[in-house]
Amino acid sequence: MPKVLSVPEAVRQVMDGSTVMIGGFLSCGAPHELLAELAHRGVRNLTVIANDTGVQGDGIGLLISADAVTNLITSHIGTNPETGRRMIAGQLNVELVPQGTLVERIRCGGAGLGGVLTPTGVGTIVAEGKEEITLNGRTYLLETALRADVALIKAWKADRRGNLVYRKSARNFNPIMAMAADLVIAEVEEIVEVGEIDPDQVVTPGIFIDVLTRGVKTDE
Amino acid sequence: MPKVLSVPEAVRQVMDGSTVMIGGFLSCGAPHELLAELAHRGVRNLTVIANDTGVQGDGIGLLISADAVTNLITSHIGTNPETGRRMIAGQLNVELVPQGTLVERIRCGGAGLGGVLTPTGVGTIVAEGKEEITLNGRTYLLETALRADVALIKAWKADRRGNLVYRKSARNFNPIMAMAADLVIAEVEEIVEVGEIDPDQVVTPGIFIDVLTRGVKTDE
Amino acid sequence: MNDELKRMIIARRIAEELSDGDVVNLGIGLPTMVARYIPPGINIILQSENGFLGLGPDPAPGEEDPDLVNAGGKPVTVLPGGAFFDSADSFAIIRGGHVDVTILGALEVDSWGNLASWMVPGKMVPGMGGAMDLVVGAKRVIVGTSHTTKNGEPKLLKECRLPLTAVCEVDLVVTELGVFSIKPGTMILLEKHPNYTVDEIRAVTEAPLKVSPQLKDMVVQA
Amino acid sequence: MNDELKRMIIARRIAEELSDGDVVNLGIGLPTMVARYIPPGINIILQSENGFLGLGPDPAPGEEDPDLVNAGGKPVTVLPGGAFFDSADSFAIIRGGHVDVTILGALEVDSWGNLASWMVPGKMVPGMGGAMDLVVGAKRVIVGTSHTTKNGEPKLLKECRLPLTAVCEVDLVVTELGVFSIKPGTMILLEKHPNYTVDEIRAVTEAPLKVSPQLKDMVVQA
């Protein structure tokens, strides 16, 4: 059964130097309250795993601008020029990973798999330093699992067991990251009683969730 | 947009010698009408990929008893003694695959991945003839993708676009197999109009479904 | 001891190993019986590898739902707060270390923590089903088995002779005669049936056996 | 030609490539414009790699939903019969060959079907996002790009010089000057803008160019 904590209490569990997965695709489905509080608290030296770094002044952008991030594993930084500036200035190590590879690597981390073979990136600089395996005449890259100390995710509704449902395109990386971290903190818009979410409609089972915290409602 | 066909019309698309994925876990969530018709029609020399072979006289058991299957890739045959008899008599080639590996191999086939690294089976006869890869001190087997010519799956409801929802534990292998075959035939209990299934609750998007056919209702 | 009594003793003792909030997968047969003996105040979450969490008690007669069965194909129920998912997610849960305890039977189990549970070459080849993933993936693996075969042969061996389910993954073995932990190459007798001596147990055990300094009696009463 | 006219010509021409029932992914920018020109009677299903099928038109002002955006983060709508999913399923769809056509822009595209679209070393490194998976996974890859850079340099090259997005995956290139298919090592001019000669097009194309015996004029009117 997850603990229900305030946003500041929840974020206190993220330590300097932690590896943190952060859900969302640009602003959509990102745990905005957790990110704002984390940036405010002045955490340092994070390794962030996320699809993108949002925009300046919002979401993961707040962490980048607050100098909280040392390493970044992501598929796209083009929407936040500050990320690019810091990368070029040598203040931020960035590993760019194709989006489909990023989500599979995270899935592997959560599913106990060591890695996957993907055709994506073969013949490009993404292949550099990676093992290539040819099966039935097709070449694949061996891409390895990613895990994190903490995952910060965002869902629409939770029940008190931590069962989560998402809304529209705000689902994105959140359910996959929920499986791949030692501590999973879910920011949700509403917490309902056990039994109010039909077991057939649960997307993330509650066993993955350690902490629930209430964020703002995006659909109001 | 999938075609809506009768069970006999749907099954006519399965040819002798085809590789066929069949959803279900024992009797639960198996496409019973399609299987009965397929056994009745006297198809031959199938390669079947399925979790198990059901029981004698039901589901995939009908295909086994009808001598329709030459090769079988499965995780468990213990519930159908006829399968074991045929295997020991040399009438049926059986590849036994751990259940979690079987579903990942099928998922790879649907997701364009060449394979996955799993710790399951290391040090057992499952590892024989397979490549072993050690990452960070842990040894994994390289398990490769599976695809089929046809997938026969079972869902609860479909809309006319082929969007599927499943009911309770009848989901099992069905959504994964729906992605991994050239032709996907879904037996469903009810076909509703477009718009009647909330896009947030679709489990299998309609783009995967080629043929819809009406089976019997299990919840009545 | 008759078989039913043995099974009762084993299931009852394994139930003591479970903690409040544990996510537990129970194998078919004897392990399923463990659910009956869970102490009051301990709420566990049962995972059924065919695709759900929150496995509940048997349905009332006439209330069976063909779409809701356990991994043995038997009608069951789901508790409020449960969740259904597909087989890929089910084994992501299992292989990914999200099951706290898996409880399963054995043909053989050995002093290295190896388990053989899925085939007897030339005789019985049911297949491994989900067992290999469960044993590799669960945080804790508890084997519940009769101490000997029907012919009285030891099942707790120095080294397994049958094809393995997994290597060095078993944490605890519970039989009707005792509770054993694994120290590579040795089984440690932690608890014993009060009616049997250590020597009597040793006589029907092939695995090298050490006796825990804290050896105590198993609770064997229902 | 001004940029807006170029983009209109390209988007309009690409729309002719789509067939009824196609599952299509449109990249950000110019490719998004293709949706405006889809001929009547052709119903396609748009896939949005951030996690849904059935992408619909822009929402009415005031009807924007922050939980419903396209891969560029812009508010959109979903059509009846659509479906939402997570990023793993989205890229299973993309990488698994379930997208019929992907349409995207280019920094460079070459005569081998190689595409460079995601970085200029030392200058601009936005990252590849979903582009590498889309180009590798989609059944058909259509590149829509202005024929030359802002400085008038060719973008249709013999061999790409920038870091690649994918190797030998591009099927068709559409610019404001023409439509080009790929025959390894050569681009084949299938259609050309009626106001330009083959020689004029060749002069701003670095890729070896052959002219299709069925060469015809592009439709360039809105």
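When the chains are written out, they are named A, B, C and D in that same order, and each has its own residue count from 1.
FYI, a contact is a pair of C-beta atoms (placed from the backbone, for glycine too) under 8 Å apart; a residue touches a chain by one contact, two chains touch by 3 or more.
Worth saying up front: this structure is predicted, and the values here are computed from it rather than measured.
Peer 1: By label order, what chains touch chain B and chain D together?
Peer 2: For chain B paired with chain D, the chains in contact with each are A, in label order.
Peer 1: If you average the CA coordinates per chain, which chain's centre is most distant from that of chain C?
Peer 2: D
Peer 1: Name the chain pair with more contacting C-beta pairs, choosing from A-D and A-C.
Peer 2: Looking at contacts between chains, A-D has the larger number.
Peer 1: Averaging over Cα atoms per chain, report the distance between chain B and chain C in Å.
Peer 2: Each chain's C-alpha centroid was found; their separation is 29 Å.
Peer 1: Centroid from C-alpha atoms only, then distance chain A to chain B, rounded to Å. What do you get?
Peer 2: Roughly 32 Å, centre to centre.
Peer 1: For chain A and chain C, what's the span in angstrom between their mean Cα positions?
Peer 2: Computed from C-alpha means, the inter-chain centre distance equals 36 Å.
Peer 1: List, in ascending order, every residue of chain C touching at least 2 other chains.
Peer 2: 52, 78, 84-85, 91, 94-95, 136-137
Peer 1: Considering chain A alone, which of its residues make contact with at least two other chains?
Peer 2: 104, 107, 111-113, 118-119, 166-168, 199-200
Peer 1: Can you work out from the touch definition every pair of chains that touches here?
Peer 2: Applying the touch criterion to every chain pair yields A-B, A-C, A-D, B-C, B-D.
Peer 1: What does chain A use to touch chain D in their complex?
Peer 2: On the chain A side, the touching residues are 25-29, 51-52, 74-79, 84, 87-88, 94, 96, 98-101, 103-104, 107, 118-126, 156, 166-176, 203, 218-219.
Peer 1: Under the stated contact criterion, what part of chain D meets chain B in this complex?
Peer 2: Of all residues in chain D, those touching chain B are 21, 23, 45, 52-54, 78, 80-85, 91-98, 136-137.
Peer 1: Using the touch rule from the top, collect the residues of chain A that touch chain B in their complex.
Peer 2: Per the stated touch rule, the residues are 104, 108, 111-119, 131, 133, 135, 138, 140, 142, 144, 165-168, 199-201.
Peer 1: Would you mind writing out the residues of chain C in touch with chain B in their complex?
Peer 2: 48-52, 65-69, 71, 73, 78, 84-88, 90-91, 94-95, 122, 124-133, 136-137, 163-168
Peer 1: If we count contacts the way the header does, which residues on chain B are in touch with chain D in the complex?
Peer 2: Chain B reaches chain D through residues 1, 107, 109-113, 159-161, 163, 179, 194-195, 199-200, 202, 205-208.
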